[in-house]
Each structure stands twice: as C-alpha cells, then as structure tokens.
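Naming follows writing order (A, B, C and D), and every chain is counted from residue 1.
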Amino acid sequence: MSAQIEFVFRETVRIYDTDAQGIAHYASYYRFFTNAIEKLMTEKLGINYPISDNFWFVIVESHAVYKKPLKLGDEIDVVLSPKVLSKKVIRFDISIIRKGEKTTEGYVIQASIDPKTWKAIELPDDILNKIISL
Amino acid sequence: MSAQIEFVFRETVRIYDTDAQGIAHYASYYRFFTNAIEKLMTEKLGINYPISDNFWFVIVESHAVYKKPLKLGDEIDVVLSPKVLSKKVIRFDISIIRKGEKTTEGYVIQASIDPKTWKAIELPDDILNKIISL
Amino acid sequence: MSAQIEFVFRETVRIYDTDAQGIAHYASYYRFFTNAIEKLMTEKLGINYPISDNFWFVIVESHAVYKKPLKLGDEIDVVLSPKVLSKKVIRFDISIIRKGEKTTEGYVIQASIDPKTWKAIELPDDILNKIISL
Amino acid sequence: MSAQIEFVFRETVRIYDTDAQGIAHYASYYRFFTNAIEKLMTEKLGINYPISDNFWFVIVESHAVYKKPLKLGDEIDVVLSPKVLSKKVIRFDISIIRKGEKTTEGYVIQASIDPKTWKAIELPDDILNKIISL
C-alpha cells in the first residue's frame, strides 16, 4: 500500500466538541480521528469496526499536534493515510485541513486482537488484502 | 425507604464539561448524575454498578431542568434521593446545589435486567434490601 | 408551524457512543439530539447555532426515554419536530427510529438569551419567521 | 524543577469512560490526564486553570501509549511529572498505575497564550516560580 493513498472525510465541529476557551477541546480531535477510521473501515472496506466476529481492533497509541485551534461550526477535512506496519498492526496518519490550511496532525496505531484471549493476532488474509489494496 | 434520605457527592466542573458558551454543556450534567449514582451504589452499598455478575442496571429515562448555568471550576454538590419504584425499577431524584443555590433538577430511572436475555428482572432480595435500608 | 412538520437526520452509533454494556450510553443520545438540532438550524435555516451574533440559544430542559438499546454501528434516523412555544422558547420533540422501529423518545427545550446580560430575549422577527415557516 | 517530582491523583474508571469492547475508550484517558493537570494547577498551585485572568493555557500536543486496558471500576493513580520547557511551554509526563502496574504512558504539552491576541506569552514570574518550585 502506497503511503500516498489518502482518504478524506468531512466533519463539522459541534458545540459539544468545544470548551470554555471557545475552541475544540484537545480530546475532541480524537473523535474526528475515530470517525474517519470507522468510515474508512466500514464504508470503504466493509469491515465491522472496531468489533468484528473473530477479531477486534484496539488502539495502542494516539498522538496529536494542535497547530491552529478549531472553532464551533468549522467544516474540516480529516485526511487519513493508513499504513500496514505488520499483519497485526495498522497505523493511521491523520491531518485535519480547514480551508486549505493544515490545523492538526496526528496518528492512531491499532492492533488486532483475539477478543477471547485479548492477545494480538494476525488479521485474516482477506481483510489484510482489502487494507493493502486500498 | 424514606423520600427524605439524601446523599451528597461533591463534583468540580472541568474544562471538558464546558462548551463555547462558557458554561457546562447540557449533556455534561448527566456525567455528574452518573458519578453520584455510581458512588452511591459502589461506595455506600458495595454493589458493582452498573454491571454486576447476574444483573445489569440500564437507564430507561433521563431528565434535567437547567435553572442556572454552571461554569468552569464550580464546586457543586450533587444531591441524590433514591426511590424504589418496584423490585425492578429505581428512580434517582437529583439536584445540583452550588453555594446554597439549586442550579439544576433532574432524575434518572433505571431498570435491572438479565444481561443474557436483556429482559427486566427483579433484583435479588439482599441487594434490594440494601437499597431500601439506605 | 404545524406539529406535523418533521425533519430527519441520519446518524451512526460510533464506538465512543457505546459503553461496557455494549449499548449506546444514555447521555450519548443527547449527542444525536444536538446534531439534529444543529443541522436543522444551520443547514435548513442558515442560523449560526447555538451562538449567533446578538443572541445565543441555551438549553433549559432535556428529556429522553430509552425504549430499545442502540448498538455500535446502528444506522438511526433522528426525527425532529420543532415547536415555537414563545418568542423566546423553542421545543424540539425528537424520536429515534431504527429500521422502522422507534427506539427512543425525548425533547430538548431551548431559550434565546442576550449573551451580554444572560437574560432571555425575544428572537428577531426574521429568525422567528424562518423557524415558524418551516 | 527536578524531573523526579511527581504528583499522584486517584481516579475511577466510570461507565461513560468505557466502550463496547468493555474497556476504557482510548480518548477517555485524556480525561484522566486533564483531571490530574487541573487538580495540580488549582489545588496545589492556586492557579485558575486553564483560564486565568490574563493568560490561558492551551494544549499544543497530546500523546498516549496504551499498554494494558483499563476496565469499569478500576481505581487508578494518575502520576504527573511537570517540566517547564520555557517561560511559555510546560510539558506534563503522565503515567497511569493500577495496582502497582503501569498501564498507560503519555504526555500533554501546553502553551500559555494571551486570550486577546491568541499569541503565546511568557507566564508571569510569580506563576512560573510556583510551578518551578513544585
């Protein structure tokens, strides 16, 4: 899978994303990140996410750098670039773009686990190929 | 159980409870309500809440009237008055008091269910007696 | 404005809406309610919501009855029926429908205020007419 | 300020912190981080946080590594180690400890800004000294 592949999902900053500083609260950005990953996995790949029958995806690392604050009503593009790090681990590099300007950068890393043992497991080949073929 | 019995739990309005209007977002109050109910059930009654081994508590109704806005850093008292409506249903009347003034009134009604069938079930007598004896 | 007028907004139950009972947390439903009201006000009426230049909308009451639990990935229709109670107060009756079945009923009541005095004020006629003409 | 200085705040994982995987949702950890920072700043230092009269604290970077999942009802210690990176920037290294085991590691970096210009500004000496003297 090429690092250049990007998927873009439009979001709106809602009142509950904001805080008393008049900007989006720093943890709200992970809502935008989650929405984009869920939409990629379910709508583009047809994978039940993050809970599938035989495997779950769990987040093992999250990161965000806030360059410009987002405000109530902002229309933002969440740009997602998935990278298969191993058969068990996928990294999503994420940018938020508002009116052509990058406001936020971050990433989320997830592992696939067996929900019965809670141990990391390799994704089935058909799922992995779907992600690699993006 | 007398309607006069009340339990009081202190909370602080945190930055993530607020929104761009500079006040606590209306849905955040349910966080204060939930905290108070969880503390009553776990700390005062020793009941795993809302997930116990053989029964779960699920919320079937919620209500709040916002008389005065709460702000960042406000120290509030969440006053909880539980009422056993039946062996399956408990109602918690809730007030929020800030510096002697009632700012918020509401209630949460919960039913006990069997998590295997997701049907309402009567609480075990020992649990029910704990609640009634409050 | 006729009580029969309804607006429908599609939502998806996301992982962060759910809790350890495997269902949408009861306070998450107010996120669905808020989204629908914000979309009605901004997209259909062109009103900056809930923060406009000369007036703000603040929530004064919220209510929800949970008939059937919602689960991760559920596609739901949030059905909104606004009612002008006075020049200062609007009530939104709300239902959530999943695959033709009503799962949730509730309402949100909001007042318009002057953000400088934090007192209730009448909405400007042009705004009020927009809402009444829905 | 020595890197060894640590402040510990006790938290409980609440039902609304969890998701349908039965564990704390990854963004909920930032609630634990925020609580600890707010308590340090307000209770230990007497600083209005994150909104003071002449300066605000805004988050410019956040990071978390999830080693072990947290579950409903877990009693956790949030261990906070503040570092003054400059007169404008403070970093909080954070660990979560459950029953002696480190489950989570992360950090939050904040800048002080002038809320009128939204530009980074140096903290007043008395505030800075309070933090350095921790």
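Here, a residue touches a chain if its C-beta (ideal position, glycine included) is under 8 Å from a C-beta of that chain, and two chains touch if they have at least 3 such contacts.
In this text the structure is predicted, and so the values were computed from the model without any measurement.
Set against the C-alpha centre of chain C, every other chain centre is closer than that of D. Here B-C and A-C are compared, and the pair linked by more C-beta contacts is B-C.
One simple way to say how far apart two chains are is to compare their mean CA positions; for chain B and chain C this gives 23 Å. Rounded to whole angstrom units, the spacing between the C-alpha centres of chain C and chain D is 33.
Between chain A and chain C the centroid-to-centroid distance comes to 27 Å (mean Cα coordinates, whole Å). Within chain D, residues 15-16, 20-21, 23, 27, 31, 34, 50-51, 72 each touch two or more of the remaining chains.
Chain B contributes residues 15-16, 18-23, 25, 27, 71-72 to its touches with chain A in the complex.
In the complex of the two chains, the chain C residues touching chain A come out as 12, 14-16, 31, 34-35, 38, 42, 48-51, 72-73. Those residues of chain C that touch chain B in the complex are listed here as 20-21, 23, 26-27, 30-31, 34, 50-51, 56, 58-66, 69, 108, 115, 118.
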